[in-house]
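Before anything else, here is the set of structures, which you'll find just below.
Both complexes shown next keep chain A, but they swap its partner, so chain B is in the first and chain C is in the second.
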Partner chain A sequence: MNHLRHISALFRLSVLFAACLTLFAASAAHAQLTIEITQGVDSPTPIAVVPFGTPGQLALPEDVAAIINADLRRSGLLRPLPKDDMLSFPRNKYEISFRDWRILGAEYLVIGNVTRSADKYSVHFELFNILSQRTVHSQTFEAGLNQLRDLAHYAADQVFEKITGIRGIFATQMIYIEAFQNGNEAQDKFRLMLADVDGARPRLLLESKQPILSPSWSPDGKQVVYVSYETGRPAIFRQEIATQVREQLTNFKGLNGAPVWSPDGRTIALTLSKDGNPEIYTLDLASKKFTRITRHFAIDTEPNWTTDGKGVIFTSNRGGKPQIYQVTLASGRIERLTFEGGYNARPRVSPDGKSLVMVHRENGVFHIAAQDIASGDMRILTETYLDESPTIAPNGAMLMYATRYRGKGILAAVSLDAGVKFRLPSKQGDVREPAWSPFID
Partner chain B sequence: MNNVTTMRSLGLALMLSVLAGCTSTSTQDQDSANNGGADSGVTVGGSENAGVNDVPEDTMEDEVVLDTVFYFDFDQSMLKPAARAALTAHAERLKANPESIRLEGHGDETGTREYNMALGERRGIAVRDFLSLQGVDTSSIEVISYGEERPASMGSSDSDYSQNRRVELK
Partner chain C sequence: MARPLIKTLTAATLFAAVSVQAQVAVVESTPIGGQAARTSESYVDDSSTPATAEALPVNVSADRFYQLQLLQQEVLELRGLVEEQAHQLKRLKQQRTDDYLDLDRRISALGNGGAPLAAGDSALVLESGQSGRATSPAVKVAGSDAEAEAYRSAYDLLKQRQVDQAITAFSDLLIDHPEGKYAANAHYWLGEIFLLKNDLESARQWFTRLLDGFPGHRKVPGTQFKLGKVYHLLGDMEKSRALLDSVAATRSDAARLAKKYIEQNFQ
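Moving on to the complex of A and B:
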């Protein structure tokens, strides 16, 4: 954390509350988001994940097979069979009756065991192809006693990747904003939260009576950057997740908004209006030097980096309505990317760099749309209401976004092919502005 | 309609004076680390001590009550003609008795958050520029945008939205 403690007189940066290093333990006070799947693909691959074996009387704090099942089901591409349909719970390959599983319709089978030592859990699992009766994959993971859930997600990631060829995102996390507002500003409460991507284990990163918005991850998944109004004005802060150490990065007159980390982790792109008008800037984190990127009397905001870090994609109303543009940093050349519809904003680039997702207005309704950058073809992915803040999973297969459901702000997810949909309703407050973490190794 | 507007201004003015009682600037002392929440309304991780303090209920000052909230159309930052009379009166008052004011720009919940943040600032600037044209010293005016983060009306109807696209003079 010492490397976070540069204090630059020039830019009046200061580490705030550096002494408050207590790690926040998950507590019942923070309601968990729970998942409701609303649409899956037509014929997901059937798979059986058998309850994992444990030696003797070992009681586990988590049901490992149930977590794996929930992960695989949420992908929409796999269909876990119900436990009640299973004729046996094999613990090793010699106990497997392939014929029984074939009759049940399973194409794949996962069996496993959990053991515990003084300070860690060990999970061993094996994935079988029922038709060929062969082992596709087997692996053993170990982790600390509070990380059994992580081990289950790692196993689900492996199973998913071996079957679909797509890297799993079940062990990733998300940050989001939780807001409690009843019309009386004195009672407003805003929280920056961190949770597993399935909504489990919510942790508080910051709570304020003033708005918090635009949270975004560092590319190594160790820090977050966001806008907070705690000083009475918008200011950009970064915060290290493990230590909770914070640093205020900006304190300019006017807008201090929309921070996003560059792919190499050295620079943050952001919006400032200190020169009289909203423009995109970059901030070099080592030198604390700000560089102005756009020069136009229109609104330029909501930057997002291209995957190679050589360009920035942003929202501008320089053509009269908000549309998405790309600036090449070296040359300053600006190109308009969206032409369909009268409102396209807050772009995010897919990990392969080939498509954009954005907020798109059609017939007065705001949806999430994806556009193939090369061809310009746009597809609308969502059919909910007031959809915003799309964030793409690091494997590029799914995106999460904020929407409204039964009068409350909630998070929802959709696959990039729009085949799979689910939502994460909240028991309390409005939930919004999800940001999907990078892969966490 | 005028009654409604006046009631709203009164209500807002009352609410604002109440709010002013609990607004405090952030301190950056290391000492405040453990009870930072109490000082700045911010809690980092764990500590759960950010209580809401009782606030004194100030009484209204006995001056003519002017509209302090000015409304805007969707995706627009042009001042409406209806705002001019009240703003001109504000300008006269500010020229006679110079004081620092804050113009808080807001948007409705439709559209993206940071774009609305920019739009809220534009609305605040439109009001500032009008006051400046009337001769008010702009160095005493601060424009702060809250985008769609602090709606005046919590619903999602067109009438909620039209109440939320606003600038509040404080």
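Moving on to the complex of A and C:
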């Protein structure tokens, strides 16, 4: 059973469970993940986001401009100027002295106002190009009283897209697992969490004394699917985020793992070992019918859909070492995709379908690597070790992954060109297995 | 599954029983042989006692399972090897095609009269001309190309018997490239043309200039012969004979002509 030892992050995770000795944080409050930017691009575009105006003495629960600033800075492509350097806080375009902003070195300027009515906030903002002294974009939008953060993220998305041409991902969310293990199994606690992608507003989706694994989004962003050991053995559940309604999808003997939703939302690909050893299956959600996709005495696991939904990419050690393969569902034809190095696992396909990110082992160290599918060129994106569970942002520009930092499991992010990096350290427990949401409209 | 297994087990037992007699003889001599013999012995006993007979299939099926695992591992590794070699083969094929296309492109560029190359050359000349010294070789090379062209066209005119145009062309060549590598030849042909036109004085000047300006040129013997002939036609027998004698003393083609001319005109 020597080959069993090799396979996949999934297997390594269970080892981690046993090995992690993290002090149990007594406060059960959901600590927010805070962001530390560790690397940005060489010359990010300077931008000034002026504190937003409010009528009268209206006290806001959130500092909208600060949220936008933090979002833009995290992108690594823009460099917001500090508030203290600003000579004035213009509220409308007639109050803007373009000369002052040019001297400050800003290329763009954002001004805005927040107003509140009985049941909603309304945000108006304008984006200026300092050099041409023109309005690039202006917009007004509104949302419920508990959604001021959403409005700020939405404004940041708009600003980012207008300047860089890349769709912003600041309004997206992520799910992840929080694990509290102090060596005494009776006190173990696992949580499935949902948060804004900046780590703010964490929300509990599920808490269990037994491990929770492999969370994955439905393509409409309304449901999640995951593995839970709450029944005493691994079983796959799906859960609606808004209603918390859950449904158990599998209850087979052996391994029930690595569920991922198909792009059309109708099918889930997963790993089952009910027929002897781990194989890839698909589950039709309407008919509840399972279809076996792979047949091999080697381990096949960690399925992921191609962007067109016609194929499944998975990890297999059928070549003696874990490598990434693609099966075309219609023909059953299997093709190996990775040839660099002796360990490539946990594949995820970028939204444009052109790249693959994976866990790649080099000199005994686990990195996140990206591979151009057509050319086969691979580049390593992360320099830390024990990196796992990469998940790609819906705009394809960044990816998040789980890693170890100061002895704790944390989330970190890196741009697909490896130019921008940041960490989201957690204050309590180990954080692992992030899954980046699709665009939520 | 069960029945073939039992069959093979029976066969194995029989084989062991038959071979045991032969092996017993070497038991004492080597420890390894002893191990094998003891196993064989227990096989023989097994056939009579049912209790130990049950242990037998376990041993053998464990062995079979081990063999199966080895084979599976072997297949995995072979499959990996085949996949990697297929990948390398694919890459090599692609690379070969790319290399071929690249080569084909270069060759067809050459076949098209080297037009792009010539353009590159003149660009080089322009560039180096501006930057000054150190570049004179490039200028000279380019200059001689233009000179060769001019010489060829002048010579073509001569071959077509367009004598006057040929005189202009060779004269222009000497104005443009007074020190060029075709300058001596131009002098020679101009002398020859004027000799043909019976303009002996002009012919004499061109031949003389060639001998003065390009001593050691391979046209020198021929020129000396022609100049000797010119002097002879001009009536200067002394100079003519001196030139012809010095040519005749050489080992050139002109020497034969000179000797013949001396024979015909001076004896």
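The definition used in the following text is that the second predicted complex is superposed on the first by the 413 of 441 C-alpha atoms of A that agree within 3 Å, B and C clash if a C-alpha of one lies under 4 Å from a C-alpha of the other, contacts with A are read in each partner's own complex, and residues count from 1 in each chain.
Keep this in mind: a contact is a pair of C-beta atoms (placed from the backbone, for glycine too) under 8 Å apart; a residue touches a chain by one contact, two chains touch by 3 or more.
Just so we're clear, the structure is a prediction, and the values are computed from it rather than from any experiment.
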(request) Using the overlay on chain A, decide if chain B and chain C clash or can fit next to each other. (result) fit
(request) Would you sort A:L386 into first (chain B), second (chain C), both or neither based on which partner it touches? (result) first
(message) Which partner chains sit in contact with A:G320 here, chain B, chain C, both or neither? Use first/second/both/neither.
(response) second
(message) A:S228 in the overlay: touching chain B, chain C, both, or neither? Say first, second, both or neither.
(response) first
(message) Tell me the contact category for A:G254 with respect to chain B and chain C: first, second, both or neither.
(response) first
(message) According to the stated criteria, A:R134 is in contact with first (chain B), second (chain C), both, or neither; which is it?
(response) neither
(message) Quick check for you: in the superposed arrangement, does A:R406 touch first (chain B), second (chain C), both or neither?
(response) neither
(message) I want to verify the contact counts: of chain B and chain C, which reaches more residues of chain A?
(response) B
(request) Figure out whether A:R336 sits in contact with chain B (first) or chain C (second), or with both, or with neither. (result) second
(request) Once the structures are superposed on A, label A:S208 by its partner contacts, choosing first (chain B), second (chain C), both or neither. (result) first
(message) Please give the least Cα distance, whole angstrom, that chain B and chain C reach in the superposed model.
(response) 6
(request) Find the residues of chain A that appear in the contact set with chain B and again in the contact set with chain C. (result) 321
(message) With touch defined as at the start, can you tell me which chain A residues reach chain C in the complex?
(response) 2-3, 297-298, 317-321, 323, 336, 339
(request) Would you tell me which residues of chain C are touching chain A in their complex? (result) 72-73, 76-77, 79-80, 83-84, 87
(request) Using the touch definition up top, name the residues of chain A that touch chain B in the complex. (result) 14, 16-20, 22-25, 29, 181-188, 203-211, 213-214, 228-234, 239, 244, 246, 253-255, 257-258, 271, 273, 278, 299, 301-302, 315, 321-322, 343, 345-346, 359, 361, 366, 386, 388-389, 404, 407, 433
(message) Which stretch or stretches of chain B touch chain A in the complex?
(response) 15, 18-19, 22-23, 25-26, 28, 30, 32-34, 36-37, 40-48, 50, 52, 55, 75, 109-115, 117-119, 121-122, 142-147, 149-154, 156
